[in-house]
Each structure stands twice: as structure tokens, then as C-alpha cells.
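I'd like to ask some things about the structure below.
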Amino acid sequence: MANRKLRYGMVGGGQNAFIGAVHRLAANLDGQIELVAGAFSSDAKNSVTTGEQLFLNPARVYASYAEMAEREAALPPEERIDFVSIVTPNFLHAPVATAFLKKGFHVVCDKPMTLTLKEAKALREVVRKSGKVFALTHNYTGYPMVKEARELVRTGKLGKILKVVAEYPQGWLLDKIESEGQKQASWRLDPKKAGSSSCVGDIGTHAENLGRYITGLQIEELCAEFTSFIPGRKLEDDANMLIRYQGGAKGVLHCSQISCGEENNLNIRVYGTLGALAWHQEHPNELKFIPKGEPARIIRRGNGYVSDVAKKFTRLPFGHPEAFIEAFANIYLEAVAAIRANIAGKKETFDHPTVDDGVEGVAFIETCVKSAASGKWTKFPKL
Amino acid sequence: MANRKLRYGMVGGGQNAFIGAVHRLAANLDGQIELVAGAFSSDAKNSVTTGEQLFLNPARVYASYAEMAEREAALPPEERIDFVSIVTPNFLHAPVATAFLKKGFHVVCDKPMTLTLKEAKALREVVRKSGKVFALTHNYTGYPMVKEARELVRTGKLGKILKVVAEYPQGWLLDKIESEGQKQASWRLDPKKAGSSSCVGDIGTHAENLGRYITGLQIEELCAEFTSFIPGRKLEDDANMLIRYQGGAKGVLHCSQISCGEENNLNIRVYGTLGALAWHQEHPNELKFIPKGEPARIIRRGNGYVSDVAKKFTRLPFGHPEAFIEAFANIYLEAVAAIRANIAGKKETFDHPTVDDGVEGVAFIETCVKSAASGKWTKFPKL
Amino acid sequence: MANRKLRYGMVGGGQNAFIGAVHRLAANLDGQIELVAGAFSSDAKNSVTTGEQLFLNPARVYASYAEMAEREAALPPEERIDFVSIVTPNFLHAPVATAFLKKGFHVVCDKPMTLTLKEAKALREVVRKSGKVFALTHNYTGYPMVKEARELVRTGKLGKILKVVAEYPQGWLLDKIESEGQKQASWRLDPKKAGSSSCVGDIGTHAENLGRYITGLQIEELCAEFTSFIPGRKLEDDANMLIRYQGGAKGVLHCSQISCGEENNLNIRVYGTLGALAWHQEHPNELKFIPKGEPARIIRRGNGYVSDVAKKFTRLPFGHPEAFIEAFANIYLEAVAAIRANIAGKKETFDHPTVDDGVEGVAFIETCVKSAASGKWTKFPKL
Amino acid sequence: MANRKLRYGMVGGGQNAFIGAVHRLAANLDGQIELVAGAFSSDAKNSVTTGEQLFLNPARVYASYAEMAEREAALPPEERIDFVSIVTPNFLHAPVATAFLKKGFHVVCDKPMTLTLKEAKALREVVRKSGKVFALTHNYTGYPMVKEARELVRTGKLGKILKVVAEYPQGWLLDKIESEGQKQASWRLDPKKAGSSSCVGDIGTHAENLGRYITGLQIEELCAEFTSFIPGRKLEDDANMLIRYQGGAKGVLHCSQISCGEENNLNIRVYGTLGALAWHQEHPNELKFIPKGEPARIIRRGNGYVSDVAKKFTRLPFGHPEAFIEAFANIYLEAVAAIRANIAGKKETFDHPTVDDGVEGVAFIETCVKSAASGKWTKFPKL
């Protein structure tokens, strides 16, 4: 392909949305991608205003995703978008992704991938048949120190893994802000838009994905406890899980949306027979590694001693902190690389979450919901 | 009583023991207590040597606790010990305590209090009948910032408590050191000496006690997962629990003896409707308090703004760190105050763990063992 | 002006450069600016290659800054750049800025502004006469928590300021990498390209600017100690200063390029009669504020309780960390706002470092150099 | 000598005193020493009450130090004190120490050793002639991780030392509490009782001693800036120093008593050609060590990997924090060992600060005072 920026369109992400703006910042960062189209909101006026603020050609700001898929596909190849970013509430992920894949577009999609496991498997089929790139924004795996953590595990520095403690406490839903029209809260607590889970679906699934990315461990069964602390909520705002992994490791995974004072405190500790590691999303440039019987090492992004993969996903020298946007942008960079390779007809794999991660994530949510409802240890399904 | 130091004797705590030496440091610290007698080991030579190193009168270094109880009771009141400190492996706590209580001595006893709940309740009866002071060394509640945490809860600063996360990871049993004659490891992993649990009995019970001390919450039921990671162990070296408290709060409590790189990382976070707190034993002079919607406060021991109870248990000005021994000594100070009051015939209560805490702790252990064996949520017994 | 992105060109920032890439990331982030031209290197091939990698029209990749100023000025207004970003070694800042200002372009320029105070004052005149926007990238003042710190001081939360401790230790020049062709090191240690100072010029001036931005204090006199630890260096690689501020406050400012293990550890503590604050660039989302006699507050970016100015320069919710690029982009955003206002003929002031800050910075460097040479307390000049 | 505790008496340390109580806690801790006599205050009633609270024989509570020296010397050897602890304000250190040394007693003395360098040298003579043990309580060198730091330097892990940054900020004198009768503040700010310096004398000298203990570097010259921020003070409450060490290393040492929110924040960073270290007194169980080009190591007290000397001065296992009292007690333990060796006629050296450290400390104070008065770099005197 010619030496050019990739073009993308966005579905969702109008005014008052949160994650759409994040996707745009991440997509902007490296100067590899340009936004040229959008269906930003089911509210047409919101969509138009958003398009204006983003300096878009009004002709490419659409009233619906269906129209967008249709009309973009009708544009000449040198104009139309290369891929779509889907940043809507959960219930739209599957239909929007399907519509664009079927029109031949690559897809970047937010998580959780779908409302149900059945829907997830169906989307997996669509992706496979399409031959297109599908990248899921489990963005926390984009952090260089998370990749370094995976390298430590992969290269045996931790030995056999015995225990994983993953946490994702937040506190932003301690008040019933969904009753006050807070848009982010409203759809996340509405089963029709969010699915069968709020807390696990929104954030627990990130913790699960992070643990799997770093350790490679597969869950065998789990025991979940869900609570809706704030009266009137149909979905849980707090969830605690005990986990048994295949091969004998054990896990604790807890997440919360009502933990006062917690911001976005995703963190993970992995304990093995030869070493341990710890990483905190709110201080992402550091990774703690403790070899057995030795002082802890504070591994810091940007140093010469880190692995090649951690170096590859780093833009700034040590001590010049990188953060959330850069990690998110790393997912985009890999998606872009995958799309460029796909266009060029090359078969390569890239380091971004895929439709298979999406299926795993939805299976995790469903298993937690099932266990919490029964109060029993519950097997993770075959996928 | 006359203005004098209290006299005590020690059962256990010979050479190579750990906790006996800690008790002596704690008892020494404030110059309120003097060690005058001991039955330090079932090995008579060890006991004699220990007595010499402690500058004791050889006549008061005994071959057995039974002999010590007998002979100390026979001494004139102005010579004999006021109380005994029991620092043996678990299985001896009950018989030793019973022997000394029956001879009219006050008791300071290490935890867990007994091997079984039945035994614990029996000891509770002995204590009640004796009218003597019984202080259990759940030492972590001796920290001033733990007392400050309790004050925050008591005075409503956290509102209604929703969630408690208590952790106690250690890594010292990652290698099978009990096979290499490491004394501390050997008895803790021997069901005959330690009881039905290693990890929960030794440290999980501290986390439970800490949570109860700070929050006042009672456990309603729990779901436990025990693992013996190191082959050949009869007792668990790792345990994870989900907890339902009376009144609707939820808890996660996990503890481990095989978590590589962890030292003695007891910590607790409590989340309420109005605020949250966090405390880490390895940095005990600080308490984090986050009022809802406000910046976190770092409350530090020794400042004018802390509560009277935190001030009472503080020796040094701010910035001059206190630590483990001082907290342990606070338990001793309260036991001493209780004994002085008891001798003076005064009815007062003091801020040290009691035989009731001991019963609760053993009930917690038994409930965890039962739940882990069945894989089911299990009710906490009536006590 | 029409609703459009601003267009800019870059001087410097070719392959192997560091700060040019940072400027581009920062300029990209918010989708407000597009790069359309460049004279990236005195090496024409490097410049061309850089232009290709940045997807530029080859016709607008120039062989020299002079040609670029000339030819861009000749383009129609709807095509030509709005401003130039100058990211060259220090000695080129003044001539390049002057060339573009004289052609009617706005300027974003890296620091230190010029090699000498005389040159700085001359540039100040050029800027004043031009009526154009001149923004200096003292990027650390772009951090929201630095702005919050300034608000604390401005609103009297610290009372009268007594003492300021500012540090900027780095360790990247501990080895003599300038002898191994490391480009960043080579020019920074070359008096012809860097000026009369390496360490103070490159980083000490950031610490000075940060302190002045937060406190508003002006230096009255200072006593400096320079060292060239690594043999053969003509400029200092370590510098320590005692400072007397106007009004009686005192300061310590030390910076280093040979402090092993230090990365980019700019930090500042300000102590007043009513409170104190502390901020560390490597953990930029937090600001510590200690009101007298009260617990420290940990103020965190993104919370509802922060000042409006800190909110204005924030993109992500709390707990989703922002970092170096976002702070840098905040300087660009303000420069863009200033340029848009200038184009619209509005007289407004914006929160970006100006040519006056550049003059102050160069005066600081010269005063340090003078004091270090004499070993005496030296007056800060009138500007 | 017989297997017995050492007996000591105390001069100073009555009610409302601070450091006397600290000395007693430290002396109590290890059960090696017993307090049997005292002249606790120039106020006889205070002295008597203090003696009662400490369970002393009233016959050995004296009205003056002179009487105490006289009468203790007259007691039979098996009763009289082995050594005296001097915990008075500074001006009494020399006369009291001299009195007891001349009566044949060993001495433990608080710092700074004397009011003047002349007096310090005179005391050195008295000590040398007496043949007795003289231990100065520069207590911060008693911390195991400080000893570990010294080992890192001694064994070459840091290479050649280039730079030392030592800080000792406090904030307790931000208000003029000496006017409100606060005893600790009053004498420290009174030149007759404290000497020619408040801030450097009380705490700067600790920072200097700590730096010298760890690095072995001798000061060649220094440039000091003293400030009395609070009106009416005759001595400085804030001091900042630039230092040139023999051999070319450079230093920054700043200390303060008016830094709002600072508690007792003594800390030190040492940068060498091969590595760096950092230690903070408020988190004393950790030592950060950064080998060049490698991740920082967090060395923690109590681990198997620490040096023998750090192990020797450790009582508790890792993760069971030790703190200020234990470090202080380590000075006492070494003094006790030295006294036992002295009594036994053995020539050995022990790891406690000596009269030579006292002379160095007073020389440091005098040099700072001189430099601050002149505003010039000032040579460190020959001692």
C-alpha cells in the first residue's frame, strides 16, 4: 500500500461520551491514523456537532451506523475508511461490528465484546469468515510494563505460577448517579445495554484479561459473590471471585464500583515458585519483580535492561512518564500494523486482543454471573 | 499495690524460638515488668541456658510448666510472679493457661488460643471462673494507627461499611524448610501441634481479628479455598476466603505462606458509604483515610490531630517511627494495667484482646477449615 | 477564522533526535494541529526521510530553515503554516525564531531560549515588534497538578512562602556517551551548540521555571557550585545552588546529569507559613498538600475537588493516568488558543511560557555560571 | 565479669523531657541494662517524681549530677552504676561527662557533644586519659539499613562517590512555641544552652554524621546559608549547605525546623560511579540500591541476603518492622559490649559513635556558623 495514514470512522463517541474521546486521543497520538467519518450518536444533532468539533467533512457524519457502513463502502477505495472504531455501549458492539465486517471493513471494538457468549461465538464466526482484522481494546495489555511482566513469566523468571491476585476497585458508582442522568453510569447499570453484569462486565473482565495475558493461565472453575450495594440496581456493583486455574494455580479476583476513594486501581500480583511480580495501573511505568531470596527489583519503562517487546511499545525515555493514552495507542498501533499487513496480503500475528479474547471475556462474565446466582463453584465453559 | 514492676514468668521461648524473644522485648520496653522465672523449653538444657542468658535466678528456671505453676504458687506473694506469658506452640496454650489460672496467676497467651473451638470454650469457662486477667497477643491491634482506624469507624467517618479487604501474604514457607529442621516451620505444619490449619491459624486469624477490631463486623458465613502448594504438607499453606458479614457488608480475606517475596504484609482496606481507610503493617505509622469526594488524608502517628486513643498508645514524636515491638508492648501495657486494676480490686475494661477474641479466632479457623473441605459457603457458629 | 486545524512546520526533529518526536506526539494528541512542513535536519537526506515517515508532501520538506521560512511565506494563506515549532539544539533557537517571526509566523520554541542573555533580550524585542505568539516549551508547567500547586499558592493555602527545594537529578551522562557519538549528549556538552552550561541549561532551568511558575518568587541572588565530574567535559554535568528570593524566602536547587540511577526526577517542595506542597514529575498525577497541623492531602488529577484550572488541562477521568505527553500537549493547546485568538484579533493571555520566561531562564543560567566561576553569592540581573 | 545486667544512672530526662525517655526505652529493650540511679532534673521535685515513676530506690535519686557522681563512686563496686547516660541540654554534656569520667564511670552522651570545638577537644583529652568508654548517641547510625548502606560503599558497590544529598527537614518550630514554654523548643533556641546553632546543632549534625558514617568522606570546605525565619530567634531555624569533600565529591546538605508538615524526615542519597543508594529514616527498614544500568533493588532488613553487620543489629524477621527505638538500642548494645570488654580488659573496637565523632560534629557546626556569618566558602578545620 501507499505510504499514507490509515483512515477510520467512529461509531459512538458523541458529546458526553467518555471512551470515544479516549479512542480518538489514542488514534491521534502517533500520526498514523486519521479520523474521516463518524456516526457518533443516535441523537443526530449530537453526531453533527461532534463531527464539527472534530473538523470532519459534514458529508461523512452519518445519522446511523448502518448508513455509515453502507455509504462508506460505496466510496472509492482511496477515500473510504480502512477501519471502524466501535465505542458504543455494549449491546451495539455485535451488530455494528457485524455490519462493518460484512461490508469489508476492519474493526477496532471496545469491550466486553458482546452481551452473551452465544453472540460472541457468532461474531467470532463473522470475523473468521471476513478475513478482516478485529482488535478488541483491552487497553491495559498495551502498557509496556505489562508486556514486560508477560516476558518475565514466559522466560521462566517466576517458575511455575502458584497464585494470582488481581484487583480492580473503583468508587465512582458509590452514589446513585445513574438516577441523575449520568450517561456513563446509566447504560452500564442497564441490563439491556450492558448485559448481565455491570462490575464484572465493565472492569472485572479487564482484570481477567490482564491476568490471562501475563500468565497464560486458563480458568478451570470459579466461585463468585455479586452484590448490588446501592438499592434499586439490577446489576451488581461489586464482585469477588475465587478462582482455580488449570494446572493447580489459585486466584483471587475482586472488583468494585462502590469502593469509596478508589479511582481506577487495576493491579495484579503473580506469585511463582521462583519469583513474583506486581504491577499497578495507576503507576504504570514501574513493574516490581522479586526473585526468590533476593531484593525486589523495580523495573522501569524506558531502560536499556527491559525486554525488546517492552522497548517496542515505548515512545519516551526513562523518567518521562507514559500513561493510559500511550497504552491505548499501542493497541491501535498493533491494529494498524495488522491492517497494513492484511492489506498487503501478509500473514502475521500482532500483539493486540482479538475476537478470541472477546469470547473468553464474555465467557468469564457469564460464568461469574452463573456462580454468583447459584452460590457454587462453577466450571468455565469450553469455547 | 505497692509502686513496683510486675513480675512475670515465661512458658516457651527457649533458644531458636521466635515469638518468645519478641514477647520479652515487648515486656522489657516500658520498664513496667520484669522477667523472674521461666520454663523455656521441654528440653531442660535449653531452658537452663536460656535462663542464664536472661540473667535469671537458676532456682526459678523450671523443667516444666507444671512444676513452674506449682512452685511459683508456693513462693511468698512479694516474690512470686504476677502473671505468666505463654509462648509455646498452639497445642500447649490451653493446658498451660489452665494450669496457671487455676493456681491464681494472670495470663498473657499467644494465639491462636487453642486447637479446637471446644477447647476454646472450655478455656473461656476457666478464665471466667478464675476472675483473672487473660490477654491474648493479637499484637497487630496494638498499633496506634489501627486504633485510629477503629476510631474513624466508631465515630462514623466511614458511614455504613460495605466492603472489607484484608490480606496477609507471607512467603517464608515457599521452600519446604520444615524438612530441614526449621523449628518454626515444623510445628506450624504439624496438625498435632498447630491444629487443623497452618496458614489461617497462624496468620489468617490475625487478619480476621484486625478486621473485627477495626470494623466491629461479625462474620455471618464464608466460603474458603485452601491449598497445600508444597507437596507433603498436611496443612494448607495458602487460603482465600469470601465473606458475608452480618448486616450486608462483604469481605475478601486472603493469606498465604508461599507468596514469593512477601514478608509480613498484613494489610486492610475498609470501604464505607462516607469514606474508606487503608493500613499496611509494614508501614505502620501511616493510616490512609479517604473521605468521599475529598483528597486522601495521610494520618500519621504522633500528630496532635490524632484521637486520644491513638495518642495514648504512642511513645515517640511524629517522624520517629515506632513499629512491631511497640505495638506488641501496647498489648502488654494494657495487660499490666488490667492486672494492676485486678489486684487493686477495680472493675475496668482494658484495650487488649481477651479470651472472647480467642474463641472468635478459633471459630474462624474451624469455619474456614469446614468450608474449604466442603467447597461450600458455611455459617459462622454461635459462640 | 474558519473551523479548521492549525497547520505547523517543524525545524529540527529529524531521525535520532529526541525532542522533535515529543513535540509531534504532543501536537498530534488533541487533533487540533496538523504537521504540513519541515526542515528536519541540516542533513538533507535525513530531512527527506523524516518527511516521508511523517507522510508529508515532499514539496514542503525543506533543506534549510531559511528556505522554509521563505517558501512557506510565499504560499497562499489557506495553505501555509500558521506556526513553526523549533526543536533544534539551543544555538539555533534565536536565528530560527527570528527568521520565522519576521516572516509573520507564530513560534513554538524549545528551551533554553537562547545562548546568551543579550541574545534573549534581542529576541524579546523581535517578538514584541512582531505581534505574534511566542510559546516556550517549559513543558513541566503543563501538568495539571503543577497548575493546582500554583493555585494553592495563589489562593493563600500555603501562607507566606519560606523555603523552596527544587531538584532535577538525572544520570544519563554518567558515562561519557558524547564520545560515542550519542547525538543528544554531544550537542548538550558542546559550548558552541548548548551555550555556557550543560546541566543548568538543559534541566536546571526547568527546575527554576517550575519554582517560579508555582510560587511567583523572583530570585534576588544565588550561590552556585558547578562540577564537571567526567573528565574532558567543557561544561558542568552537576550543579548545586543556594538561593535567596526577593522577600526573604530561601531556596535549594540542585540538578545533575551524573546521578546514577536517576531518570528524570524533577521534583519540588514548597514550604509556607500555613502549608506545604510537594510534586514529583515521575508521579505527576499526584500533588501532596499539607496544611499546618493537619494530615497531608493527596490531591489527584481528575477529581471534582481540584481547581478549575487543573480541570481545564485534564483529558481523562481520575485513575486513568496522564503523563508527559499530555502536559506537553497542554502547552501546545494554549499556544494554539493564543494563535487562534491572535488571528481573530483578540487580546487575551494564555497559560503558556512566553518570551519573558525565556529571558528569565537565560538570566538564571548566566547568573549560575557567573557565581560558580567566582565562588560567590551573585545578584540576579535586572531584566 | 559476672553474668549480670549492667547498671546505669541517668543525668537529665525528668518529666517533660523527650530524649531521656527515649534513652530509657532503648536501654530497656534488650534486657541487658538496668536503671538504678538518676539526677533527672535541676528541679529536685521533678527528679524525685521521675525516680518514683521509674521504680527507683529513692536513695539513688540525686539532687545534682555532682552529688550523683560523688555518691555513686562511693558505693561498693557490686552496687554502683557501671555507666551514666547524659541526656541534658547541650551545655551540660561536657561538665557532666567530665565529672563522671573522672570518677571512673563510662559514659553514654547525647549529641552535639559540646557547645564549642575547644570544649570538645578538651573532653576528648579527658576521655583518652580516662581509658573509659565514651559513646555518643548519633542514633541514626544504629539502623541496620544504614549499616548495610555503609557496607555497600565499603565493598565498592557504588564505585567512587561523586555526590551526596543529605536532608533533615522538620517543621515543629514553625510556630514560636518557645514563647509558650515548650521546654524542648526553649533550650534548643537559647544560645546559652544549645550553643551557636539550633538547626544544624540539633539535626544538621545528624545528617553530617550519617553521611560520614556511610561514605567515609571528609568535608574539605562548605558554604552555608542560615536563616531565622521566625522573628525574635537568636539562632537559625533553617540551614542549607553546599559541600566540597576531600577527593572531589560534592554535597548538598539542608536541614530545617520550620518546614511545614515535615516530621523527622532525615534522608540521604549517595551517588557513585557504579551505583547509588537512598535511605529514609521514616521508612527505615528499606534501602534502595541502584547498580548502574540495572533496576533498583529494594533491600529490606531481615532478609538472608543482607550483610552480616546488618544482620547483627537486627532483632526481628523481615516484614516485622523495626524502628527508631531499636536503632537507638543498637547504640546502647554496642556501648554495653564495649563496657563489658573494657571491664574485662579486652582491647576491641565497637560500632558506636565515639568522642572523635563528637569532635567532628562540633567542628561541622562551627564551620557552618562561620560560613553562614561570612557568606563565604569556609575550610573545615584540622582536628
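Should a chain be cited, it is by its letter among A, B, C and D, assigned in written order, with residues numbered from 1 in that chain.
Keep in mind that, in the parts below, contacts are C-beta pairs under 8 Å (C-beta built on N, C-alpha and C of every residue); 3 or more make two chains touch, one makes a residue touch a chain.
Remember, predicted model here, so these are calculated numbers, not experimental data.
Asks: Can you give me the shortest step count from subunit B to subunit D, moving only between touching chains?
Replies: When the steps are counted carefully, the minimum from subunit B to subunit D is 1.
Asks: Can you check which chain pair, C-D or B-C, has more C-beta pairs in contact?
Replies: Result of the comparison of C-D and B-C: C-D.
Asks: What whole-Å value do you get for the distance between subunit B and subunit C if each is reduced to the mean of its CA atoms?
Replies: 56
Asks: On a C-alpha centroid basis, what's the spacing between subunit C and subunit D, in Å?
Replies: The separation of the two C-alpha centroids amounts to 44 Å.
Asks: Can you list the subunit B residues in contact with two or more other chains?
Replies: Only 262, 296, 300 qualify.
Asks: Could you pull out which subunit D residues touch subunit B in their complex?
Replies: Answer in residue numbers: 3-5, 18, 21-22, 24-25, 28-31, 35, 52, 54-55, 170, 172, 262-265, 281-285, 300, 302, 315-326.
Asks: Which part of subunit A faces subunit D closely enough to touch in the complex?
Replies: Within the complex, subunit A contacts subunit D at residues 289, 293-300, 303-305.
Asks: Spell out the residues on subunit A that touch subunit B in their complex, using ranges where they run on.
Replies: Spelled out, the residues of subunit A in touch with subunit B are 158, 162-163, 165, 167, 169, 171, 174, 223, 225, 227, 229, 238, 240, 242, 244, 248, 250, 252, 254, 256, 258-262, 269, 271-276, 290, 292, 296, 375-377.
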